[in-house]
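Both of the next two complexes hold subunit A, though its partner changes from subunit B to subunit C.
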Partner chain A sequence: MIAAPAIQTSSLSKYYGRTSAVQNLDLVVEANRITGFLGRNGAGKSTTIKMLLGLIRPTGGDGTILGRQITNPELNRQARAHIAYVAEDKPLYRYLTVAQTVRFAAAFYRDWRCDVAGKLLREYELPLNRRVKALSKGMRTKLALLLALARKPELLILDEPTEGLDPVMIEHLMQTIVARAAEGTAVFFSSHQIAEVERVADQVCILDRGCLVLDRSLDSLRESFRRVDMVFPVDVVEREFQLPGVERIRANRRQMSVLTSANAEGVIERARAFNAVSLEVAPVGLRDVFLAMVNGLESAIGKEN
Partner chain B sequence: MTFFKLKPIAGQPLYIQLMQQIRHATETGALRDGDQLPGIRTLAEELVVSPNTIIKAYSELEHEGLLEMRQGAGAFVCVTRRTRLIAERIQLAQERIRDVIEEVRVAGLEDDEIQRAFEAELAAPRKAARRR
Partner chain C sequence: MLCYRAWVETRWRFLICLTVMLLPSVLYFHELGIFPMQHWTSDPHYAYGLLFGTHLPSIGIWTFAAVFLGLGGLLRERAVGTSTLTLTLPVSRAHVVGTRVGVGASETVALALAPWIVNSSISLFERTPFSRAQAGWCVLLLVGGGLVYFACAVLVSSVVEGEYTAAALMFALVYGIGYLADHVSGFSALNLYPLMSGTRYLDRNTNLFPGPMPWLGILASSSASALMLLAAVTITRRRDF
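Let's turn to the complex of A and B:
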């Protein structure tokens, strides 16, 4: 059975004056999947999420979330009843205590699970009687997460959920994300924790300067992305290795390093044709893919040579 | 109880790594005929990977006949004559590879050099590999 996508946008755009925050975004987030949403600060991740949730009006384009049109306020409101969302700035009522906040959420959400909330409260070691304004940043993040994770939504959207969390808490959060996914919740989360995304995500989307530069399953990324390092007996020009599937080339006279998203075989064949004296093929991690895909670092990477 | 370890950066989908490790466990006898594997959610939480990784590995192994999925009860190891034959073939291949590695080690190659040589050959087109 193929479920309808949890999120689907077409040409979704947001301009602030002449500055574009998001440009012609065609995004598909599948149900029954964990999708990681990566990008540098200011790439447009939060703006995208806010447009999906009807919190910001798009300048152009449209989309659906849980099958409902995002630019229709009434339909978007209906969809949001089935979505748990943790915003980047983790907004909470400052004057409420932890216990009051949890009680308020329990009364508010129809899909609230008291047993899960109680379990998370214990595991997160949150001080029940302390006011939100007196909580540390990490505790505030934990409380905001608890409010989303104690529900049973169809879609869970987390914007930078690991901010301020220590490694033990990050691990715990990833386990909880996995558990929610196992219950059938679609998960869409933005993060700078590339290693964590690489472990738990099924699909990864990379946004750069408002444009989608990568949308791939991690299975296919692991199968197809390779770095090929070569040494030749004479100088070789980059042009010779600009083959289909080649994403980045770094060359320094007789040395060449090629990042391919497909067709490593073609590169190897070309290397043999140029009598490479050394040829190394290595898998590429998501971190390297991210750095290669994101503009602005190109020059920094080039400078290493 | 899990003895599975998945490497995010191994150039191989996680579900394939898991399949290989389950297969390996049946070859070594760590898993025997009739043994039950952890549930999808339990194993996903233990390994901290997407449940789809476990689902895909289990269903592929079911297709191969190494696992039997029982409705509501979970996944059970099912070692048949056919799977035993496959295991033997893998063991034979492994012995030959072990010999080759020993040979090139004696010739003075370091393990990481051997590994890269293997990876380069595996990534090379199949036809070309046969011609040589």
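Let's turn to the complex of A and C:
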């Protein structure tokens, strides 16, 4: 039996006046997988997450989270009982102590695991009687993560979870994310740290200016994306290489660089037809794909030229 | 747990207001010491007058406290960055607002009761006359007539963003309405002081409330409070955070 998607949206949109934050987003986040959610600042990642959790109302479209309609407040509330969420700014009540914060969170969730909470408190070396306002930024991030990781939710949503953490904690968190996915938790996390996403994610979604520009499994992305660098004896126009599977083209007189998500062979064939004097095909990493998707191909290959 | 959080969030405000609310009772205790015991037994109504005298200054203090305790809520949380944490808990927004209102209203009622509990204890200790009915009426008039200030603060906090903007606006509103009621004809109905103090219903000879009491005024004020609180819940439910 195929598990229902943890998150599914259909034409989900959010407009602030005439400005669009998210446009016609059709997103599917599968259960039992780690899905990386990438995008530049202001791309609409946090807005999407807030719509999923019922914090803001979509202007158009709808969606489900753990099978419950996101725009229905009661169903969304029911879904939130099975979702652990760490927000980008790691919000915590400043006037509570660490112990009070942990007790507060534990009271709301049936999936709270006291043993895990105790273990994480020791590992993170959080001072129980210190008020949140007296904690360092790193400590606050650890506490916010603890509130999510001490549970066994069906869906774990992390918005920039590694911000403010030291490398040891980042490593610990990455291992925890993988372990949680292995236990059956769907993980949906946004990050600017592409290397982290590339390391743990099964699926990658890239959002740019509110639109979903990529939704692929990381394996298929690695297999299918290629960069083809070509040099020609005469100037060649971009139009000639606008073939199926070509995502971005950057042309500079006789030089051309093409990023393909499929059909690299077609591009090579076309290059040969134009008597390319140099032809180089290379696999690309997630970083290159991300930069190409959100900022045009020049950013992805700018360093090399 | 939401109740506990609301209490922790407001407890310092409450304790400060409680301290100030008890000041008239301290004066009452001081007054008792001035006159000999014979004075009280020969004229108990003087004692009732003195007790009623503690009620009048507490109106202004209680009004300030009701506004102070009504401020806050999810918009202020958004300003300080914690609304995301609250709203992603598996509870409805109505529950969040309702809990805050419940704790705040309980605190305001406790503030109205506290001076009379202290006055009653002092009277018991000093063996001076004390009317429970008079105390009950004073509390009822204060809360029934004045809870509208608390409800208004909750509503303003649900509409106006910013950490201190709602507080500034609310206090400006209280003074503005007070000024209009006192100085502009046609606005006198907005003056809640006669209702909350009960001075119009007091027998000047006995310093007790003989009745009838202003049930209509209390009902109108309570209805306005309920409408404002309902509006606050509705606005919060529809708002983006």
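Some notes on this structure:
In this section, the second predicted complex is superposed on the first by the 294 of 305 C-alpha atoms of A that agree within 3 Å, B and C clash if a C-alpha of one lies under 4 Å from a C-alpha of the other, contacts with A are read in each partner's own complex, and residues count from 1 in each chain.
By definition in this document, a contact is a pair of C-beta atoms (placed from the backbone, for glycine too) under 8 Å apart; a residue touches a chain by one contact, two chains touch by 3 or more.
Just so it is clear, the model here is predicted, and its values are computed rather than measured.
Taken together in the superposed arrangement on subunit A, subunit B and subunit C fit without clashing. Of the two partner chains placed by superposition, A:Gly245 touches none, neither subunit B nor subunit C.
Looking at the shared chain after the overlay, A:Gly67 reaches neither subunit B nor subunit C. The three-chain arrangement built by superposing both structures on chain A places subunit B and subunit C 150° apart around the Cα centre of subunit A, to the nearest 10.
Of the two partner chains placed by superposition, A:Gly164 touches none, neither subunit B nor subunit C. By the touch criterion stated above, A:Ala179 is placed in contact with subunit B alone, subunit C being left untouched. Once chain A of one complex is fitted onto chain A of the other, the partner contacts of A:Gly54 are limited to subunit C, with no touch recorded for subunit B. After overlaying the two complexes on the shared chain, residue contacts for A:Gly138 are found with neither subunit B nor subunit C.
After superposing both complexes on chain A, the closest C-alpha pair between subunit B and subunit C lies 26 Å apart.
Within the complex, the subunit A residues that touch subunit C are 50, 53-57, 73-74, 77-78, 80-81, 83, 85, 87, 89, 91-96, 100, 103-104, 107-109. Those residues of subunit B that touch subunit A in the shared complex are 8-15, 40-41, 44-45, 48-53, 116, 119-120, 123-125, 128. By the touch criterion given at the top, residues 32-34, 171, 174-175, 178-179, 181-183, 195, 198-202, 218-219, 222-223, 226, 264-265, 268-269, 279-286 of subunit A touch subunit B in their complex.
Residues 1, 4-5, 8-9, 80-85, 87-93, 237-238, 240-241 of subunit C are the ones touching subunit A in the complex.
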